[in-house]
Structures are given as C-alpha cells and as structure tokens.
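Structure incoming, see below.
Labels run A, B, C and D following the written order; every chain starts at residue 1.
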Amino acid sequence: MKKIILKEKYVSDDFLIVSFEFENPFNDNTPDFIKPGQFLMLKNRTEPILAKPFSVLNANSNGFKMLIKIIGRFTDYLSHAISGETFFYRGPYGTAFEKKLDLSKKIITIGGGCGAAPILFFNEYYYKNIEKTILGFKNDSITNLINIDEAVYESLTGKTVIDELNEYLLHRNKKEKPIVLACGSLGMCRALHKHSLKMKYQLFVSLDERMGCGMGMCKGCPIKTKSGIKMVCKDGPIFNSDEIIWEW
Amino acid sequence: MKKIILKEKYVSDDFLIVSFEFENPFNDNTPDFIKPGQFLMLKNRTEPILAKPFSVLNANSNGFKMLIKIIGRFTDYLSHAISGETFFYRGPYGTAFEKKLDLSKKIITIGGGCGAAPILFFNEYYYKNIEKTILGFKNDSITNLINIDEAVYESLTGKTVIDELNEYLLHRNKKEKPIVLACGSLGMCRALHKHSLKMKYQLFVSLDERMGCGMGMCKGCPIKTKSGIKMVCKDGPIFNSDEIIWEW
Amino acid sequence: MSLKNNNLSVDYRGINIKNPIVIASGPAGNGEELSQTIDLSRIGMFTSKTVTMKQTDGNPPPRIVDVYGGIINSIGLQNPGFKSFMKETLPFLENLEVPVIVSLASNYTEELETMLKELDTRNIKFLEINFSCPNVDKGREPIGTNPNKIFYTVKKLRKLTKKTILIKFAPVDAILELVQAAISAGAEGVVLSNCPKGMKIDINTMKPILKREFGGFAGPAIKPITLNQVYQVRKQFKDIMIIGTGGVINHEDALEYIMAGANLVGVGFGVMLDPFIPIQIVEQLEQWFKLRNLNYSSVFCKAQSL
Amino acid sequence: MSLKNNNLSVDYRGINIKNPIVIASGPAGNGEELSQTIDLSRIGMFTSKTVTMKQTDGNPPPRIVDVYGGIINSIGLQNPGFKSFMKETLPFLENLEVPVIVSLASNYTEELETMLKELDTRNIKFLEINFSCPNVDKGREPIGTNPNKIFYTVKKLRKLTKKTILIKFAPVDAILELVQAAISAGAEGVVLSNCPKGMKIDINTMKPILKREFGGFAGPAIKPITLNQVYQVRKQFKDIMIIGTGGVINHEDALEYIMAGANLVGVGFGVMLDPFIPIQIVEQLEQWFKLRNLNYSSVFCKAQSL
C-alpha cells in the first residue's frame, strides 16, 4: 500500500473531514488518479486491521479529502489521529459513475450521510450534468465542516431525501424521464428503489457493503442481481437498481 | 491507565529517547512520583497489546523521560510515533533501589544498554553515594542522544563492562567491600554474578524479565531464589545476587 | 435466576451478585495487589488463582509471550499448595467484600474430593473445577477431555457439597459432550473458556519461545472462538450457569457474552492489560443500560434464536 | 525434497517451486484480479478458490466481519461450479506463470472422484481437498472430522491420480488422528489450517452479525493456534508435505511456520489486507536469508527438538 500523511482533520459530532497528502506525489498525481464513484482502501499503520473503503470528496495531485462518519474501529481511530500521522491507501477501485451513466443526459443526484461524498465529487466533476441535488443528513452538525447548499436536515425539517425528491418530481416540468444517482445506506437505496417504481424514474445506486479485499477477489461483498451474484467492489459500487434483487 | 502525551523523540540507530508530558500534572506531580529502580507500564492508544515496563531516565512534575531500545512491537511503534500522540501509563511499580541498598555506603553502578536508564536516574538522585559508574553500549550511536561520561563502547574498545569493572577493582584503593548495583540483560547480570564471587564484591542486580501485569498478580515474571519463586515486578526488579538461583 | 430491574445485579440461588463481571482465575492472582488498586466490592465475583494439592513452582521463564491481540502464557499453575492456601490465602479471600469462587485443579479425583470437603464449610460461593489448564504436564490421560472421567469425578464431588459447582473447559470441538457429562453428573454450570493452545517461535533462536513449546492463548484475539463456544453451549443447555470468559476488555465484549447466553462474564487478560478494566466495564455497562433504558434481563440470551 | 543453496526454491517430486509462499485458497479468488496487480510468477504456488460440483451462490451478506487481529468470514464457497470452472477458469489458471493447486470440496466421495478424474490430465501441480469449510451446511455427517470417512475417501481418490494430494483441515483437537487417516490412505500431505469457528454479536441488534451465526476466523489472531497445529503434526509426521497457513502477513510469520515444519506457507487474509503482501514476504525472506547467510534448508523444521 502507499503511504499518505494526515494533513488536516475536522470533527463535528460523528462526522469527520480529513485531508491526506501523498508521500510521493510524483507517483500518484496522474490527473485521472480517481474518478467519482471509485473508492480507496485506507488502513492505519499498526493494527493488522483490514483496509476500509472510502470515497473521496475531492482529489488533486497532492492528495485527497474525505468525508467520514465515525462508526467503528477504523473511523474512530482516524477521529483521534493527529496531523502528521502516517496512513496507507490502495486503489482506486470500483466502477466510476461515468461508466454506467449516460452523460449526454441530466442527472438528479442524491446522497445520504457520508454518501454525500462521492455525490459532491461527481457534482464537481460533471457540474454540467446535474439537474438537481439533494443531500440528506440526520442533523446539521455537518455545517460545522462544510457548506452544502443542497443539504436537508431530517431532524429539523422532518423530511427525508425521498420526501424532498418526491416533491421535486411532482413539480418537475421536463419531458425527459428523470435519472437519479443515489449514494447512501442500503436502507435508503432500497426505499428509493420502491419509490422509483412508483414515480417511474431511472435509478442508479452506489451501494455500501462491508468489504474484504475491495478488488473483486475475496467474494466478500455480494449483491444479488438478475444476472447472478455480483461484487459491490468490482462490478459496482454503482448498479442500475432494476438489476438488483433486493431481497436475499 | 493515565494519559500522557509524547512530547519529544530522538532516534539514533536502535536507541530512542522520548519525553512524555502528563495530561494532568496536578494528579501526577508528587515529588516522589517515581524513585530510581521503579518502572512504569506503557501502552499505546489502540492495540490491545500488553503494557510494557520501562524505567525512567528522569522525571519531574510535568512528565518523564525514557531511554528505550527498539526491539519489538511496542518499542518499534514508539519509534515511529509523532509528537502530540497519546499514550497511557500506569505505575510506578517495583521496589526502589534505595529499599534494598545501604545508603550509608558508596556504590559502584553499572548499566548495560538501556539498563543505563535507571542507573543514570539513580546517579542523579543519590550522586553522593556513587563511587564509580560504568555504562556499556555495543557502539557509540547513543552519543547522538545523550552525553554519558561514563560510557564504554564495546565495538570500539573491545571491552565489556565487566572488563572495565575488573580493571577498576584491581586498582581500587579502598578497604570497604565493594558494593555493585547493576542493571542490564539477564546474561550480563549472570556474568556479573560469577565475577562477584571471584572478586568478592556485594552485587545487586536489577533484572529484566518479560512482564504481564507488572504488579505481582499474574505470576508472569518469575525468578528462582533461595526463598522460593519471586516476582521480578513486585519483589524486584532489584535483587541481591546471592539470593538468586541462576539456573532454573 | 431473577434479575432486579434497572440495575445489573444477579440473584442466583440466594447469592446476590452485584453485577455480571467476574475476575477470572489466574491473571489477578488471589487479589492481594488488585484489592489495593481497585475497589473489589464494585465487582460481581472474584475467582481465586487455581489451587493444587501440592505446592507448585510453575514453569521457568519466559511465561508471557506477546502476540497480536493477546498473549500466550505458560504460568504452570504456580501456587503455594492447598494447605498453605487454606491457612494463608482463604481467610484473606473470605474477607474481601466480593463473593468468591475458588478454583481447584487436579488430575486425581481423590485430591479434588479432599480439597472440596475442606472448602465446603467456608465462606465461598462457587467452586470451579479447572479441567483445562494447558500448562501442566499430566502423568496420565487428563480427566477434562474425557466425558466418562468427567462424569465420574463430578458425580463424586457433587455428593460432597451443596455449593454451586462449575466446570472450566478449554474451547474444544467436543464441548457439548463434555458439558453434557458435567451437567448430568450434577454440576450447575460451566466456565467457558480456558485458554486454547498457542505457540510462538523466536526466529532468532529458531525455537519455540516457551520452554514447554505451546502455552495458553488469552486476550481479545480468542474472543470470536470462546464467544462461539458460549453461544453453542447455551443453545443446547437452557438452564445452566455459564460464565463466559475470553478476551473481554470492554463493556461491548461483555454485552456480546451476555447476549450469547453467559450469566456472568469473566475478565482475565483484561486485568493484566489494565487492572482498572473490570471497574470500567461495570461503569460502562451501567451507562449503556441507562442510556437505552434496558436492563440485564432484557439483553440476556437475546442473540439466541428462539 | 531437495533445496538449492542460496535461494528459496523448493524441488518437490519434480516440481520446482520458486519459493515457499503459496496463495491460499479463497481470499485471492482465482487470480483474475491478483494477476493484474502483482507479478504472480514471483510467488511459489497459487491455490484456486475451492470448487464444488454444483454452482454455489454463497451466503447472503454480510460475509466479512472485522475483529481484533483478523476477520470472521462467511463466504460459503461461492463458485460457478465444476463444469464452468473447467471451461472458464482452469485454462486461465493453467496459463498463469505459477504452479497451481486446485482446491476441491464435497461431502460426497463420488463427487470428489468425478472432479479429480477430470483434473488428473490437466496442468496443475497439487490437488487440495478442502474437508473443513466452516461456512456450508452439510446434509449429513461431514467427511472431514471422521477418520474412517477420511480414510475411505482418500483411498478412493488416491487410485485416480498420481498427482500430489493434500488434505486441508481446520485446527481441531483430534488433528493427529485425522492426519493419520489421510496419510495412511495415501495423501502426500496436509494444509494446516482452515479457519476455526468464530462469532461476533452486534450489540445494537443483539444478534450474531452473520446470518449463519458463526463463520471462519482468519488473520494474525489465529496464528498461535494454527502454528501449534503445524508444529504438533510435524512432530509426528516427519516426511509429509505440510502447507502451513494462518495469519501470515510478513516474513517473520512465514519463518515461524517454516521453522515449525511447514514445507510451504499459505497466505490468505494477508492477500485481502494488501495484495502486495505475498511479494513483500518473498522479498523480505530473500533479504533475511542473505543477511544471515542462511538458506531455506538451514531453517526448515529447526524449531522441532531432535
């Protein structure tokens, strides 16, 4: 794995924004280092703990930034790490969103929690393609970390991203069939899938599954699809929601 | 365990000098916080790795300094740690040298490798009691870290601390029976014991044994003595070498 | 077994146990040092270091080997022998403000009978028979891995006392059979688990670090294995007492054991790692329950499918 | 088995194995991704993901659970089945620049016979019979824990091929008996070990995280246990082939296995942790030997007392 140095870290509640610098920019800084939808596997220096998958919020030739939710061992470790500490990454892995999306069309993007990260990255990369964006958070603690114009805070408004999307679609004045790209928990993606059937839009979901290798070898991150068992890490994380068999 | 912050760190070859600051000086800074011969158990933040015993080089109300040899997991971790990182300690444990030594007498002190740490601390504390000091190191890389007047470098002179002690004793012009306090590897202590029988000096050794609890509970650090199995952590680490049954 | 609401206490056969945290046999010795470091009255129960009939020196050093997520130990049941234990140690244990379990080991039924008879009248709560120390040489086939011998021995012991008898096993493939033998002979329960066997080799000397080659593996690394043992045994034995032990260093570990079906939870390695861990676990458990408005009985065995 | 001086290569029955590092079955799949990430020709051997007669979906997620020092996995032998394996996968494996071991599993002797017969003529080096997957339901008593069934099955397989047959076992108490059955029926050796059983409970849902409750425990945490299995088996069986597997993530781990008596060393979890680990181990081994002017045969089995 390649060395990176933790440069900055901001914590608010259970969210974290971290930026890492490459140890070796010359080897890492190709412009297409990572594309929206792809992810990196991150590991700390000492524990023999599996590397964990994270999307990037943005990246450049010096390093990358991530939006991370503190939920367990690695993310908690990261939340206590200090500037200058060494970490390791490998990747990028996974299918870039652009490989499965028709970029001649406009897209509605939706993110739930830290699922906002790849969506914001996608929005930045393909700003011309964005029809509308909705990013849902439980509460507004995230505002201490970044300004997100498109954010919706459930605990304040009582509305989920699906409620917001529903409202938007009801008032939408376009003849093209809506295309939605969503990244969030399995629960959110499943609910969106049902909603997409009702509201007749095309839905792409970027899934979150526990990973082992992150690169398709270990068969650790399965999703059942109409064409058999697929691996979220390699065949996804983006899938056409019609392809997925949601109950297993 | 109590929090401490790594303040400074200097590495040379396989030696390390580290200084830690108490997170909470008011609770830790009694003047008799730790006495020469006692040790602290140190642990890093994340791994469920046993705490490891280390002597201090010196201590004050703000923190303490240690001389550490890099030999395995924890010491390697420490050698890569950065200023500001959090560690934990408990203790002090063990019998202070003063409890077993007759401080009305002069003492010859000997340290081998990182066994120099408690000896230097003892020398500072009881400078009036020191008759002579010999500190042996494999090579002189230690000079990049501290100035030790009494140091002997085996690879330069071809002489061990025992050779040096022998020479000193041969030319010693005092009628009192020599008293030697030595801290180093088991091998060095065993060799000194044999030497003490030949040269007829009284020998106290501070032993290095792998530890579990560090406080006498787990029976993890045994030494065979004429009065049964003793625990290095609690009954020692200082022992009268006559008490020890060296072969087990 | 009934549980009071809103707290962690466990009533078991007339014994009130403040909370489910038990100091496991060994790592804390006989509490001399621990009682000076933490307030033992805040702990559920305390288990003595295993006592043997004869004084035992234990194994030569090294006795502790560091590995990922734990240690391999080769203490070898160092203890002053039963006679000295009764005279010097038991009175101290009886005066601790915590219910005491005395742990006994022998590969001879008669020795266990002798020790148990003397202990029957003393102020101790449970008797634990350690059938599973990996670190002592046995002159003959051990009792603890043979269901017939277990049955025979426990049956004899059962006749000598009305106190709760617990049998301590290592995590073995045939655990259900061994537990069956112990329970049908009259033991009230089991302690799961003692240390599985582990080894480390020093690549410089090219020899096993421990003089006896292998030792007992303890610490968080073994928890997945010992937790599974507790879960599998509880699945088959609904009403026995189980002390779940293996790799517990925080309240989440303890909760996993309780949910898997352990009545009580033992802490061994954790006490060595940091003697304050048992009390921290108790405090964290209290907080965890309070935050969720849950109590012990609302989580006990909950991981078992019904 | 003879060893060339000054390098890591192993000659075994006419097969030249570059070095003792073997990619273990499972974590690296069938090498499609790994071969694009590292130069497989620098590795000693590559083991296929275990193949079963019928296509198998594997278990529903989650399949990977993080624990101290490793993971618990519940893959459930996901594979496309033997027919598809022969058509789609084996040609790919045969063309890799690394000697290949094919891993087979079934609880039916006849299925193993069918698969083995077809494989006999193909360009693969060893056949590995996986008698120990913790993650599949068995319709009847498994072959792999019963010495008689092992003997019966291996005897039948032995008649069908001259290729080296290795039997893969989990770390069990009765390992010496099982190995004895396999070897006396004609297997050349064993792979030690598959994953022991482990469990983790989600304290929020209060249920085992894995839908099948327990899974296979892999990674550095299990090394003390699996290393001890290798050591104990080598002590009794001087001449068999042993692939030591369990928790190897660096050259020191690999050296421990070789010193304990493993001819070859498998890396499973390590490949998932970081696919470059196998090559790093090879490089570190080369360096370690060079620095000390040692070679493989000067350390092999050296931890065994003579």
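Keep in mind that, in the parts below, a residue touches a chain if its C-beta (ideal position, glycine included) is under 8 Å from a C-beta of that chain, and two chains touch if they have at least 3 such contacts.
It should be emphasised that the depicted structure is a prediction, and the values quoted were computed from it without experimental measurement.
Trainee: Would you kindly count the fewest steps from chain A to chain B, each step being a jump to a chain that touches the current one?
Mentor: So the least number of steps between the two chains is 1.
Trainee: Distance between chain C and chain D based on Cα centroids, please, to the nearest Å.
Mentor: Taking the mean C-alpha position of each chain, the two centres sit 34 Å apart.
Trainee: Could you work out how far the Cα centre of chain A sits from that of chain C, in whole Å?
Mentor: So the centroids are 46 Å from each other.
Trainee: Residues of chain D that contact two or more other chains, please.
Mentor: Where chain D meets two or more other chains at a single residue, that happens at 68-70, 220.
Trainee: If I count partner chains per residue in chain A, which residues reach a count of at least 2?
Mentor: 47-48
Trainee: If you connect every pair of chains that touch, what shape comes out? Choose line, ring, star, complete or other.
Mentor: ring
Trainee: So which chains actually touch one another? I want all the pairs, not just one.
Mentor: Going through each pair of chains, those in contact are A-B, A-D, B-C, C-D.
Trainee: So in the complex, the part of chain B that touches chain A is made up of which residues?
Mentor: Going through chain B, the ones touching chain A are 44-47, 77, 80, 82, 84-86.
Trainee: Please output the residues of chain C touching chain B within their complex, sorted ascending.
Mentor: Against chain B, chain C makes touches at 26-29, 32-34, 37, 49, 57-58, 60-66, 69-71, 73, 75, 78, 219-220, 249, 271-276.
Trainee: Within the complex, which stretch of chain B touches chain C?
Mentor: 1, 43, 47-51, 72-73, 88, 90, 209-213, 215-224, 228-229, 234, 248
Trainee: Which part of chain D faces chain C closely enough to touch in the complex?
Mentor: 67-70, 72, 145, 172-174, 196-201, 203, 206-208, 213-214, 217, 220-225, 227-228, 231-232, 247, 252, 255-256, 259-260, 299, 302-303
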